[in-house]
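Structures incoming, each one as structure tokens.
The two complexes that follow have chain A in common; it is paired with chain B in the first and with chain C in the second.
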Partner chain A sequence: MEKIKNNKVVKAIGFNRIILIGVIILLYLIFAVLTPVLHSGADFVTYDRFMSALNYAYFIGFMALGVTFVIATGGIDFSVGPVMFASALISGFCLMKYNIPLPVCLIISLLIGLAFGTLNGYFVAYRFLPSFITSMASMQIAKGIGSVFTKTQSVTWPGTGNANSWYRYLVKWNNIPTGLIILIAVAVICAIVLNKTKAGRYMLCIGSNKEAVRLSGVNTKKWEMLAYMICGLMVGIAAIFYVGAYTTVQPGLGDTFNNEAIAACVMGGTSMAGGLASILGSIIGALIVALMQEGILAMGFTISYQYVLTGIIVLVAVTADIMSRKRKS
Partner chain B sequence: MTEQYQAYFSESDPEKRKKLLDAIEEADGQTPALELCRKLWRLRYEDPKSKRRVDLFLWEILELLCLYGTARIMKKSAKKDTEKALKALGISLASDYGQEGEQILQEELRNTVRLYLKTCESKSYGRRLFGLTELKDQDRPARIAKDMWRLSMGLPQRLQMTEEFAPLAKAVREEFCSQYADGEALLQKKEEEGNGGKNQKQ
Partner chain C sequence: MGEVILTMKGIDKSFPGVRALDKVDLEVRKGEVLALMGENGAGKSTLMKVLTGIYSKDAGTITYEGREVTYHNPREAQADGIVIVHQELNMMGHLTVAQNIFIGREFKKGPFIDDKKMNEEAEKLFKQLNIDIDPKATMSELTVGMQQMCEIAKAISHEAKVIIFDEPSAALTEAEIERLFEIIRSLKKQQMGIVYISHRMDEIKRITDRVSVMRDGAYVGTLITEECTKDDIINMMVGRVIYEDPKTESQVPEDAPVVLKVDHLNAGRMVRDVSFELRKGEILGFAGLMGAGRTETLRAVFGADPKESGEIFLNGKKIEIKRPQDAVKAGIGYLSEDRKRYGVVLQKTITENSTLACLEEYVKGIFIDGRKERKVTKKYVDLLKTKTPGIDQLVMNLSGGNQQKVVVAKWLVNNCDILIFDEPTRGIDVGAKQEIYELMNKLVKEEGKSIIMISSEMTEILRMSDRVVVMCEGKKTGELDIAEVTQEKIMNLATMRD
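Let's look at the complex of A and B:
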């Protein structure tokens, strides 16, 4: 094992990431074998299944990218799912009910995400509220606002064939998974911000030793708040990709996606104690979550099994993280 | 080293330190040692880009710890950033002042490490699990030792810059071991663990 770990290529990519890529391949093979057995007539290895898994990976991936910044600072955001739904509901309602132009609605979606991120960031960084309490509160606010604004009605964004459906090209265009290209491009930008800019360094250092960062003269409040704002913006983008893939949004939902986004981050190697984050790991984590969701559906199980599995993944990932740190210290 | 210098190197408040330097100048006049102290003071506490009170040496310590994480994948750029950080720590300045200069630099670096170790007692340093739980007091020294190991051995070895790191590594080890009775054993354990804990999370 040590020999493998010390291999140059393994070292460059990271042993944990290679394990995660192995998990993706293994899961894919398991689902490919089990789907026809458990669900007669069904096939997992199809283009449609692949695209469906990617559709799920897009919005989970964007949320995971955002949450990575927050976790890097040592905090947490439990509101990403409901905020994504609130963004999609409100901007969709503006589009369908008030005929506000589509580009403006897309910007509204981003702004709603950003507003929630700013709210969370303000209370955590400037009012010193624990991040889990703040984000739990904004989760409720987001769910409430989404329901109140749409009068608890679901919102359906324009489908294919409608003049306003060009936003769906962000997800798929002529069978090309444009969403994947955009997700990778955004992930690259996030990786540069986190690893190569002062802002990213500040966020990571805040996560590992906030007091030292403050004493060194850095405005820790500003940079901590920025992490939450980035998360909010990513959630706004996730909302666009969610409606781009599924078009219909229902109020009062979205909490289940929190766990999936956080699970993706933790699986990917972002430390729950803060100070260490992996953008690539979060993307791989999101792909695993999406693959599992698609696999479970393909095998003929209901979505409820996906919730059970996500819960188990969170437990396993968190326990593994704690145990690995205990063992090493 | 005179008592006045000892007082200067044991103080962590920049303004008080400046006053102590003024007192030394009044007593001894301008000396090469004092000149170096003032240079290091300016390098550490003055930042024309910032209106806030800064401690750039403390920041460089943090930056080097952060670079340990990125050095595995982006070795080249990490090396470049590390060279910059070491320059910002004034390591190249001391060589012009001979042995006395090196001693002053050592004391200044130890002063920075001492301040870093003090910040490790804070609540934020012991944060775990998204800030929901905290590190137990008895587990803190091991975590601090991990940071100290990264600064004194982990990063220099990873970037093959042992020579460039020598003054900092010495200051880190000496200061850590002076504050923790089992410091040497903790560092040794980290070293044995594996070139230790290179896959470890924070």
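Let's look at the complex of A and C:
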């Protein structure tokens, strides 16, 4: 066991990431076997199912990337789901009702995400509010604003074949999962920012011991706020990929995705205590979340089972994290 | 003279690596106030913790009311009538006075708490103490002094026979201290045995009957207060032999320029009008007892806590330090007494900690220049002789002394010329202590640094400092050149109130 753990490749990827990849394969096999049994006539091993799972993985993945930065600083963001919906609703409303050009609408989506991230970051870093409370409040605000703006109507973005539908190519182009390519590209950028730049270094150190970092002469407030802003921006991107995959958004929803994004992070080895984060882990975590929801639907269960499972995953992953920390100290 | 109510005999207590108590004797008599005195770390608190069952003793006997007792927790001691009035108040601010006094043993009427009964009982206690506090008042509305009275009322409500006051006057005003003394006198009349821990000589003279002195975990002796002078007590407190040879004269050249000047600094209750100068190549010691405001002063200088007023001059030029950032930019580094909380990022590597204060110098484009960063870290690991398997080691895996070196490295990497060492060797074992001392000497002699050293260890002050500033209760009470310093002089200044 120790030998495997000390292997160079294993070390580079991380032992628990390799376990998680194993989990993906295992889950896939389980679903492949169980789906035809539990749900007669259904089949899990199809291209459509694969692409459908990826659709789910994209937006959860982008949100998880963002939340990873926040958790790295020792905070938490419970607003990502509703903010994503608010972004998608408002920018979609601009597109459909005000005929604002599509590229501008996409930018609006990013800006709305960024605005909420900035709001969260300001109150947490500069006004010392607990991130839990701040993001709970902005979750409510996001839900409300989305509804107010659209007068509680759902918004449907243009479907494939219509004018202004090129944004869907971001998700899928000629049966090529372009979304996966973009997600991986953004993840690589995130990994570089987190591990190779000053900003990332400060964020991780703040997550470990904020006061020591402050007393080292670092403007901790600025860097802490930046983490929330990055998170917001990622949520804005997630919104584009959500509508790119599903086109329709309903107001007043989105909170169930919070837990899924956070679950993806903690599964991937990002510690809720802050200071330790893995971008690769968050991506793999997002893939597991997506695969699970696809499998649960394929087997003929309702999505409610997914909620139960996500809750359990969070409990197990965080417990494991706390236990491993205790063992170390 | 009253009859003996409590005797502690030959009490031993060791912690890993430290003999905290070494055959300590203590005798408390009915209707008498006994002062327990000693420097920081002399073992006063440890002895009281052994008495009340917070610590278990390794050897010795405690005889209380004629029988041998051993308590396993403060509750047992309390039930027997031995209570402590703590220095820090353990009160719930949002509860009422009566609720606080009877917390954990509330009167009940059926399943409900009987607030009326509790108020009445509290009223009775206050009457007994002859103080006027409304039992229904919310605790947080009271002044610190009144809260202290409530603590005393709480102690008496346990039907106390022995009451221990642990630095009760630290937070009180003159008038409140008067009240406290009145209460203590009335308790004395009620034939209680009272132990009074304090550093304030004048109070000791006024309120106590006998003085027991401890030093370095051992019992030194007991004096009758009336028959002794302040100097007698101080001599007993500090009369230790300094094994490591103390500095006999300042190593700083006559013409060394002043690098840091702090003028009339005020910051809260603990920093009142403090001024001092630090010269190039000097180790300036800050001596004083616990709570003298030394850490608070230097934290304010560093910008870690806000200042109310005062000016700071760096190399003769006035500078504004509002936040630690400003201080770090000006080349001042602060090494906290609590390394783990304020010094290092435990879960990060030596490299990451070393460049924390000036990471911008180790960035190429937008990326951190890993090679440059590792090179400088390696340099300081070698220079400071930090013991580690490698520079990628997490700081939490290092010993206390080596963690301290990582903090030193952080400030050296940032090219700080002024280093503030707050209790530089606290929690560091003897061998590593020596290394830290050598390192500090090397920094001033070879690297041209200037050091401010806060220390509660007399030997450390005498051995390292070129000059000593002494503080007491937020004020600077004196400044001594190392050539004229004696332990007695320092202790005199450290207990001087105006």
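Annotations for the structure displayed:
The rule is simple: the second predicted complex is superposed on the first by the 329 of 329 C-alpha atoms of A that agree within 3 Å, B and C clash if a C-alpha of one lies under 4 Å from a C-alpha of the other, contacts with A are read in each partner's own complex, and residues count from 1 in each chain.
Definition applied: contacts are C-beta pairs under 8 Å (C-beta built on N, C-alpha and C of every residue); 3 or more make two chains touch, one makes a residue touch a chain.
In this text the structure is predicted, and so the values were computed from the model without any measurement.
When the two complexes are overlaid on chain A, chain B and chain C occupy overlapping space and clash.
By the touch criterion defined above, A:T197 lies against chain C but remains apart from chain B after alignment on the C-alpha atoms of chain A. Applying the stated contact rule after C-alpha superposition, one finds that A:A125 touches neither chain B nor chain C. With both complexes superposed, B is the one of chain B and chain C in contact with more chain A residues. Within the superposed three-chain model, A:A212 lies in touch with chain B and with chain C [touch as defined at top]. In the superposition on chain A, A:G275 makes contact with both chain B and chain C. In the three-chain superposition, chain B clashes with chain C only at 279-287, the remaining stretches of 279-287, 315-323 or 477-485 being clear. Residues 196, 201, 204-205, 208-209, 211-213, 215-219, 275-276, 328-329 of chain A touch chain B in one complex and chain C in the other. Of all residues in chain A, only 5, 11-16, 71, 74-76, 130-132, 195-196, 201, 204-205, 207-213, 215-219, 269, 271-276, 318, 321-322, 324-325, 328-329 touch chain B in the complex they form. Of all residues in chain B, those touching chain A in their complex are 47, 50, 52-56, 58-59, 61-63, 65-66, 69-70, 72-74, 77, 115-116, 119-120, 122, 124-125, 127-132, 139, 142-143, 146, 193, 197, 199-202. Of all residues in chain C, those touching chain A in their complex are 302, 304, 324-325, 327-329, 334, 336, 341-348, 352, 356-360, 363, 366-368, 396, 410, 414. Those residues of chain A that touch chain C in the complex are listed here as 192, 196-198, 201-202, 204-205, 208-209, 211-219, 275-276, 328-329.
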